[in-house]
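Look at the two complexes coming up: chain A is in both, with chain B in one and chain C in the other.
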Partner chain A sequence: MTLQTRDRRLGWGLVAPALVWTALFFVLPFLGMVALSFARMEERAVVPAFDPGNYTRILTDPVMLQALLNSLQITLIVTVISVLLAYPLAAIIAFRIPRQWQRLALLLAVLPFWTSYVVRSYSWLLVLGQNGVLNKTLGLVGLGPLEIAASRAATVTGFVHFFVMLLTLTIYANLIQLSPNYARAAADLGANRWQVFAHVILPLTLPGVVTGAFLTFVLGIGDYITPQILGGGNELTLPQLIMLQLGRSGNFPLASALSVVLMAVVTLAYFACAKWLRLDRV
Partner chain B sequence: MKALSWLYLALAYAFILLPVGVLVVFSFQDGRLPVPPFQGATLKWYGQVLADRDLTAALLNSAMVAVVSSAVALVLGFLAAHGLARVRLPGSVLMRGVLIAPMTVSYLIIALGLLNQFNQMGLRPSLWATGVGHVVINLPLCFAILYAAMGDHQKSAERAARDLGASEWRVLTLVSAPMLAAPMAAAFFLSVTFSWDEFIIAFLLTRFDVTLPVEIWSLLKSGLSPKTNAVGSLVFLVSVTAVLALELFVFRGKK
Partner chain C sequence: MARFASVSVLALLTASPALSQELNALVWCDHTDPALVQPFEEKHGIKVNLKEYEGTAAGLAILEQSQPGDWDVLVIDAVDVGRAVEGGHLAEIAPDQLATADFFPELVMAENNMVGGKTYAVTEKFGYNTIAYDKTKVDPADMADMATLTSGKYDGRIAIYDYYLPVLGLVALGQGVATKDITADTLATLKDPLFKLKAASKQVSDVVSAQTALATGEVDIMIGGGEWVTAVLAADNPNLDWTIPKQGGLRWAQSIGVVAGSTQPDMALEFVKYITSPEGQARLATSSCYWGMPANAKAGDVLTPEQKAILRWDEQAEFLKRAQLYPIPDAALDTAMQDMWTEMLQQ
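On to the complex of A and B.
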């Protein structure tokens, strides 16, 4: 046995357990789900078939289309607001706070990132609810009450809260890598502060911003908890619709087809930002 | 400009820390509802949480699933990273892609696929099923962290050990793994926090024995209560402790 074949055998042996695990519990279930999305439901039983009926239903049923639209709208709004709020925060931490305090400032800025997802949404209920902190405070100055809980605004607030933290982390990581020489050079050549930002700093950090925005989109559009707890059921998102199919009617084929649609949307988003994405360097 | 920056910073911190602050403050509420006005401090809700059999069982389940699934993900990820970083294999780019792929798919979809597959295999929902799902989501993370951490100086140390007659197993356990202690700890802690907080996979793949997020979810159905605040605060405390431990012992040591 040559050294190379011995090495190869060893290599395969090391990779095999992880590959087998991923194949068995990720690739196979995923293919199964795609196959199931073409099956039919007859009398509450799944009948294997090759029937695109679930997909035509998704594309023609107003309820399903509305859920798809809601998901897209909410996620896009959330992504834009989160980027706009997180960029200045990351920049202030990176450029205004003394070096030795930056790590602490960042840790504090993303502390609730580590709370449980369910708990974080619940805690926004405490703030936004009818008798919540926000309305009680507004009441003190004679304003309100605002009916924010159980609405799209509450869902967006909960999402923005989480993703501002995520984006602050990724954008900060990008800003801190920039050599100050670029900005200095631009300033020496007569650029004012705004021009330095618009023509030097922003383009250099754009890949990081897009990567963060893409992550926001992917995690946001697939999330069930935030809209379910904060949205109040007035409008459905795609994940909520999927969960409804599983729970009430046990319609696995339709739930699978909806999941495939969700995957397709994420894939489209990926290609839309592929030019700037550097997922290997998050 | 400077004043504006500090104002923005203050507002941003207020927005970010407000809900957690409210959560913790009103977990001490001496009253029925965790909303203003604050009616005085009490620890009775924490007492109720610790006396609640379902909650403590769920807490133990969560801890068990988190530790076991993270350990499995770490071992599988370490072996695969070692194999792909050290040996030239045909199709290694494809294999890396397959191993990373679960990272790009929503947890909901992973959960649905597994639920369907376990149903067909006649397996009931259980903590084991949830653990399998958590390995699926954490394996790419462990693999990516460790693969990125395998540098050239380790390669020489491993080769030296091999030249001195160490078996591959001894190289792995006595040279490679100890040299990667910091990234291994980081990968493990991150996996534990993700598994500890994960909801949707645990929700779909458990039935009678549930994890803590699922138990908290069922508490929410009965509306706002300081007891829920108390559980939430405890969960937050655990996560923050894990993150601080990571920060202090792993990242501090690296610098």
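On to the complex of A and C.
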């Protein structure tokens, strides 16, 4: 046996557990879900079939299309706002806070992660409500009240609160790796602060930004809890529609088809970002 | 080494009598209150494992995906007992084992708990899906008429309970359609009033969100609410009240039965008997998850006067007269009702 063959076998041996795990717990269930998505419901029972009816319904039923559109709109809004808030926060931690305090600053930034996701969402209800903390504070200065609770704005707020933390970490990890010499060299060549940021720092940190944005998109578009608690049932997103099929209708084929569509959307997002994605930067 | 492993496995297997001392129950959240289950566990030296579910479809799906013997007890919407029996999920119970003679007569519900002359479940708790409100924020006289809700006076101050059966039932009553008369044809006439109600509402929410909204003043009225919403908040928020409007309200009821294929049907039946005993009923009625009237009238001897006042015990005769049961749709009508509900949510 040559050294090369032995190395190759050793390599396969090392990755085999991960491959088996992925095959058993991702590929097989996924194929099962795809197969189920072509089944039919008859008298509340799942009937095995090869019927594309569920997909036809998703693509033609205005309620389902609207759910897809709502999911895309909310997730894109959340991703953009989160990036815009997280980048300066990460930059402040990386460049303005002394090195020895950066860990503490990051810890404070991720503190909200320590509370339950569900509890955090219900807490936002109390903050954003008509008699909540926000409106009471606005009332003290003669403003408001704002009608935010039970709306898309509340859903976006809850999401942004969560994802800014995530993005801050991924962007900070990129910023901290940048040598200050890049900025100094650009400045020596006559670039002002904005030019240094736009032409040097931003392009170099783009992979981290895109990676964080992609994770935000994936986690946001598949999230059920936040729109369910904060949205007030005033519009449906794709995960909510899937849960309605599972928990209420028992329509597993339609739920599977909707889940396949959700995965297709995530896959498309992946290909759109693939050029910049650097998961090793997370 | 292999011998040691074999002995260890054998020891684990022979330790399995501990497993036979466990009862597995598929329940609603009110059964998860330790104050309810602990006395039974202590008396019988058994551990009751409780799994919550929401919605009959989810409960039946869990049973269908389980092996016989996985579950011993099932709590289910009384109107859906027939569905569970049809699916072969419930075992027959000898009627003489049940204390239904002590029940409120309307709550025996033989037409729901019996199939083909055989008893498969027993009613354990009931209440009303009607209109809950903050009496300091709305005129209680307005709540006596469902038409007021869409008159414009309370726009943006209403939460709708996110469960299609009771709310569509209420909308039907508002249109003069009895819940048992909801068909594909009459359902079509409910779309417009349902959508008008949605337009007048601030939110469509699950139990916790709706309770939070009512308790914090985010909304002042909850359609589909009743004592099960206001009772647990009574101590902190005595202004919350509920009524059955002149058009009527809906009566919800939950039943409990022994799961077919249970490996310990006798112990499962003991649990059913405990839950429907006066003591079990009083604990279930005042569960920390939600309150509701006990089906067994003898629970009145165990409940305190304060608890009975919150449950409005003395008014039950009048309430029972004015409340109708949930609609019991067939598969096609159920799908049509859910589609209409989903469309309403997307408005």
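We take it that the second predicted complex is superposed on the first by the 255 of 282 C-alpha atoms of A that agree within 3 Å, B and C clash if a C-alpha of one lies under 4 Å from a C-alpha of the other, contacts with A are read in each partner's own complex, and residues count from 1 in each chain.
Quick note on the criterion: contacts are C-beta pairs under 8 Å (C-beta built on N, C-alpha and C of every residue); 3 or more make two chains touch, one makes a residue touch a chain.
All figures in this text were calculated on a predicted structure; none of them were measured in a lab.
With the two structures aligned on chain A, chain B clashes with chain C.
By the touch criterion defined above, A:244 reaches chain C but does not reach chain B. Contact with chain B, but none with chain C, is seen for A:15 once the two complexes are overlaid on the shared chain. Chain A is touched at more residues by one of its partners, and among chain B and chain C that partner is B. When the shared chain is aligned, chain B and chain C each come close enough to touch A:129. Of the two partner chains, chain C is the only one that A:234 touches; chain B does not reach it.
In the superposed model, A:252 makes contact with both chain B and chain C. Contacts of A:44 after superposition: chain C is touched, whereas chain B is not reached. After superposing the two complexes on chain A, the stretch of chain C that clashes with chain B is 206-214, out of 152-160, 206-214, 242-250 or 278-286. Chain A residues 122, 125-126, 129, 131-132, 229, 246, 252 lie at the interface with chain B in one structure and with chain C in the other. Residues 43-44, 63, 66-67, 122, 125-126, 129-132, 147, 149-150, 228-229, 232-236, 241, 244, 246-250, 252 of chain A touch chain C in their complex. Within the complex, the chain C residues that touch chain A are 54-55, 57-58, 60-61, 83, 156, 160, 162, 164, 202-206, 208-209, 212-213, 216-218, 331, 334-335, 338-339, 342-343, 345-346. Interface residues of chain A, counted against chain B in their complex, comprise 7-8, 10-15, 17-19, 21-23, 25-30, 32-33, 36, 85, 88-89, 92-93, 96, 107-112, 114-120, 122-127, 129, 131-133, 136, 161, 164-165, 218-219, 221-225, 229, 239, 242-243, 246, 252, 255-256, 259, 262-263, 266, 270. Across the interface of their complex, chain A is touched by residues 2, 5-6, 8-9, 12-13, 15-20, 22-23, 26, 33-37, 76-77, 79-80, 82-84, 86-89, 95, 98-99, 101-102, 104-110, 112-117, 120, 132-133, 135-136, 139, 143, 168, 193, 196-197, 199-200, 204, 212-213, 216-217, 220, 224, 228-229, 231-232, 235-236, 239-240, 242-243, 247 of chain B.
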